[in-house]
Amino acid sequence: MEAVKRALDKISVERIKLELLGNAYNSSSTVLGRLDPRTLLIWYLFFAIVPWFMHNRTILLGMFILMAVCTVLARASTFIIFILCLGLITQVGWMFLLSLFFGGGGESVLPMLTLTLKLSVISLASITVFSSLDPERLSDGLSALGVPDAFAFSLSYGYRILPTLLEEFHQILLSFRLRGLRPQKNGMLYWRTAAYYLRIIVLVFYPLMLNTAKRSRTTVEALETRGYNYAVNNPQVKKLKLSYLSLKPRDWMFAGVTALYLIALFTLGTAFPELIY
Amino acid sequence: MANNILELRGVSFTYPGAETPVLQDVSLSLTEGDFVAVIGGNGSGKSTLCKTFNGLIPHYYTGEFAGEVILHGKSTEGKTVSQLSRHIGYVYQDFENQLVRPTVLDDACFTPLNYGLADYRQRGERALELTGLTGKRHDFIWQLSGGQKHLLALAGALAMDPDILVIDEPISQLDPQHARHIYDILRSLNERLGKTIVVIEHHTEFIAEYCRSVVLMDGGRLRWQRPVHEALSAVAELLPLGIYPPDVTRAAWMLRPGAPAGTLYPLSCEEAEGSFARRGATETAQRIERAGVHLTELRTERREEHETGLREDHQGGHVAEHGVKGAGEQAVGHGSKGAGEQAAERRVLRNPNHSTAAAAAGEQEPVVHMDKAGLAYRTIHKTLQPVLSEVSLTLNAGERVALVGNNGAGKSSLMKLIAGIAQPTAGTVTVKGITVNGQPPERLAGTAAYVFQNPEDMFIDDSVRGEVSYYLKARHREDRAETVERMLAAFRLEELAERDARLLSGGQQRRVSLAIGAAMAPAVMLLDEPTANLDISTKQEMIGVLHTLRSHVETVVIATHDMALVAEWATRVIVMHEGRIIADGSKEEVFADALLLRRAGLTETQLMKLSRSLGLPQICGSLEEFTSQVSWQEDVKLEHKEEGVALSGSR
Amino acid sequence: MSTLKTRYTLTQSQKMMIFVLSMSLYGLSNMFTELIPSVQLGPIELSVEYFAFIPLTLCMLFHPLYAAVGAAVGEIIFGELMLGQFGGLGELEKFITFSLAMYTAGRMVSDPKNRRQVGIAAITGVAIHQFFSSVIDIVKVWVGVEELEAVQGLAESVVLIEGVSFLNDVLFSGILFALLPTLYLVPRLYGKIEPLLGMKPRERNMQYATGAWLSPKLVIVGTLLAAVALGAELMSESGWSFGEFELPGAESNEGSLIWISIAAAALVAAAIILILRRSARRRQEAGQLDG
């Protein structure tokens, strides 16, 4: 179980910078990425809520197919989808096994399948939408839909500050390692090594808190000189900032296609509620 | 006639809870279009002064405020920071923290957008154009270098088209080339666009070259505000405050003891032309073709000095001579093993294995040995970007090695390889017989100690004592109490032992970081830019501290672009350029090669330039050395310069 | 000549600093905890759930509201959006429960130098959060699976899984990554980190002027009540009758009952958001020291 060590290696500054930030801003090239963020968010809202209250399996399956197509269109990373599947399988799998233990039988598979279907539709919807929106467009979309400006600002600030924080974290961690002593033996299941790393990761936050405190002070002071407080909750500034958002024909087309599909699906679903099982 | 754009009348300020005011009755006026340097020792109130300009004091920092600030003839009382910031751009010393958006253009547009200006995008674009960042506008902030980030912070301020720009320590983290670039931009803003520029600065050479007037702060009071030439010539007054006027000025001052107060001294080498004469050789006008004569002199000088290295010296000098002409095709690959392949790139001035220090150490094994080591990072385009290629190097005990080169030349990476922080992607690195490849950093800690550029990155405990003893404590060393005491004493930290290192001044933090390294008793100590961010007086002190290190460590390696430090401290200089070693030799040899210096992006100090133009037997490292070899020529006129000052001051 | 009066207040900018500080630090830590692998022992997962000590410490040292909300925002931005794991609306519930729990913990501490107080508050904060998230998870299955009780053993297994994970998170993560680090950090940082932000340290027994209605007592009592209610409900569901009572019409119309419970939950959530926002706004307007 070198997992801890490997995970730590993964937390290399460069890697996270490349993987996360590079990908985050790389989404506007897809079909879905060119849609208006508001369209995508409203679309998402529908598919995040409605499935919870659907018990019609045909409709759920139809939605699942739609989501699968959209996920492909959004070119979501396979890694994320893999994680999603793994999570679903373990969660639902354990529930199923335990319910057998409590006296259930094979018949509990079907309701569980329905649950899985619902969860997949919802998760795929979120993957589709959020991997199609780069942080800027997401925050603009949110603020257009009335989410407080502070959140929108924090979102892009997060992307700004992450590499700096990681760098600093990395440096301090290195200082701990350069002056610390790794356990001589790994211990059973590498627990000594794991404990050593977890301990210093926690300890790193002590200096990091102090350093970040200093940093935050300058940042907030600089925000003052850069007119941030002038802009907060100033509707005019917001309008100016969001003026580039516009619903284009492709947004209407996307909404229209989804609506048509859903109408057809609901008709089919009511006619044959148990098309599959 | 120039107008006063900003005036301070009797301004005093006390931070809440503080006993003494940081500003006491300061009155000051800034003329439109001026280029002002604010100087003063640590804690003299420089930054505080500048923060009254845009209302950060007293609106943001609450405290006891008295006096009046007048902008464009109107009192600023009752105006908010946001309102004042439309006219005054502020660039912080830790400018990185004022960049708040992920991408370059976005950050440049941020301020005008906040003020609801419809043309915010054009403003941002224009500001990027002024700072030369247009080509980078879609980059992420984290892809920028330190210098570019600074330019971006400047662009963010410029986007509002302010009348006044305040820049706190614009160049403290930059190599000389980039520093010059920033100042050139500031100058063009000042001259072409008529911006009033205020810099807080302690690099007096830059003040001399770029600024028009100087404000001296001392203990919260404004001592005087003078034209630059007058200001920097007040050497006797400035030195006790820890402000060091340019070398030339100080040399002139030292050579003219008893000159009346108010005497003007030259500020730059150009002004000093003809002012100094080589002692003994009275024919000062003689200005011979430098390289040839100089090299010959050098060689004779060195032959007398070290007899052991005679053969190499000769060859080295030879190589250097040719190297000046054609990029060294004839260079002789007689360096350490494996240097053969790179001979075309690398001009080995002297075989380091035969340095005097090594000769004294006999047949001892080298402290560090690198064999064709390479290092590459993965870039955003998923390609491998080499940072170091084919570096072969041997470091011996007793050497004081300076690694010099531009930002990004690979200095830090080279040191990180030695410290085992980065793993070489090619070749091998051996430290004290341990092969570094594949070792966790914990393993090498006691052998190679790396001192980060930013001391704060090394602070992991809550007191200076804790920092110094951390390593020993982790290893349960029994003698740790004495060792720690010894280190605290050696680096003059006893008084600070219980303080939190983060709250110390820049120079004190450096000393702590060195003590941390020294307490590990490593064979080789690697220091990354130990004088960065320090004011000059602290820098002087650091050189003393570096000598303390020698008694604790076998070999010290410093990565720096501070040529004055190299000149005063190093015994061996390794010049790096684009990930390769392009020269390796004694400082005299390296300094003698002007072309090499230029290629590596290094600028000569004034003393180096003067030594060269006066044809002194060697390049002087310290003022004392220089003044002992030259004398002052009385008949020089400085009037023409004064006229220039008067002219530019009244525009 | 003018002299401005000194105000010893938590200014707008200081609140912003606390928010930014908490957001970046907890966000960063969240990124790590998302990446640290967990040890799976059957259905029980030994995982580093989160570094709760960061928001806990900050809530105890500074104004708890801004630190708590900052941390919750940080989690969404760094831990979810950046890693591409944003669960959409599901995060909203996390946001609310987490900030509520951290806020409560911060409010419980009146003297950051009192180790016992700090320790109790830290573990309570984690327990409140974990309890709410377990409940929400159970409710989700309830809503998601039609005729839950028709499936033998499903209700029990859901409760068992959530119960075990609750215990794991409180006892494993809670002690190792909330209690101990908080006990270590709070006394060390107290009086040291505040000046870096230009603030005075929290003084002993400082009173919270606004938002007093949301006292820790209320939250804890509420949590306990909810626990009792849920327990009773589950018992009756699984057939271990516990006093016979039924809502009229519950038998005949399962569907509408579900709708009613969802509506109730939505109302509660909306009310909490509203109140949080309003109190935040009131604070902003007042611009006074309430911490």
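Chains: A, B and C, in written order; residue numbering restarts at 1 for each.
Everything below uses one rule, namely that a contact is a pair of C-beta atoms (placed from the backbone, for glycine too) under 8 Å apart; a residue touches a chain by one contact, two chains touch by 3 or more.
Nothing here was measured: the structure is a model prediction, and the numbers come from that model.
K.L.:
Applying the touch definition from the top, give me the chains sitting in contact with each of subunit A and subunit B.
P.N.:
Under the touch definition, subunit A and subunit B have C as mutual neighbours.
K.L.:
What pair of chains is linked by the largest number of C-beta pairs in contact?
P.N.:
Chain pair with the maximum contact count: A-C.
K.L.:
Round to the nearest whole Å and give the separation of the Cα centres of subunit A and subunit B.
P.N.:
Averaging C-alpha atoms per chain gives centres 43 Å apart.
K.L.:
Using CA atom averages as chain centres, what separation in Å is found between subunit B and subunit C?
P.N.:
48
K.L.:
Taking each chain's centre as the mean position of its Cα atoms, how many Å separate subunit A from subunit C?
P.N.:
Their C-alpha centroids are separated by 20 Å.
K.L.:
Which residues does subunit C have that touch at least 2 chains other than itself?
P.N.:
Residue numbers touching two or more other chains: 13, 188, 192, 198.
K.L.:
I need the residues of subunit B touching at least two other chains; which ones are they?
P.N.:
60, 462
K.L.:
Quick check on subunit A: which residues sit in contact with 2+ other chains?
P.N.:
21, 135, 157, 159, 206, 210, 214, 219, 221, 223-224, 229
K.L.:
Which residues of subunit A touch subunit C in their complex?
P.N.:
Residue list for subunit A touching subunit C: 3-4, 7, 10-11, 16, 20-21, 23-24, 44-45, 48-49, 52-53, 55, 76-77, 80, 83, 94-95, 97-105, 107-108, 111-112, 114-115, 118-119, 122-123, 125-127, 129-131, 135, 138, 148, 150-151, 154-155, 157-159, 161-162, 165-166, 169, 189, 198, 201-202, 205-206, 208-210, 212-214, 216-217, 219-221, 223-224, 229.
K.L.:
Please output the residues of subunit B touching subunit C within their complex, sorted ascending.
P.N.:
By the definition above, subunit B touches subunit C via 10, 16-17, 58, 60-68, 77, 462, 500.
K.L.:
List the residues on subunit C that touch subunit A in their complex, please.
P.N.:
Checking each residue of subunit C against subunit A gives 12-14, 16-17, 19-21, 23-25, 27-29, 31-32, 35-37, 39, 43, 48, 51, 53-54, 57-58, 73-74, 77-78, 81-90, 141, 143-148, 150-154, 156-158, 160-161, 176-177, 181, 184-185, 188-189, 192-193, 196-198, 259, 262, 277.
K.L.:
Which residues, counting only subunit C, touch subunit B once they are in their complex?
P.N.:
1-4, 6-9, 11, 13, 188, 192, 198, 200
K.L.:
List the residues on subunit A that touch subunit B in their complex, please.
P.N.:
For this pair, the touching residues of subunit A are 14-15, 17-18, 21-22, 25, 135-136, 156-157, 159-160, 163-164, 168, 171-172, 174-182, 203-204, 206-207, 210-211, 214-215, 218-219, 221-231, 234, 236-237, 240-241.
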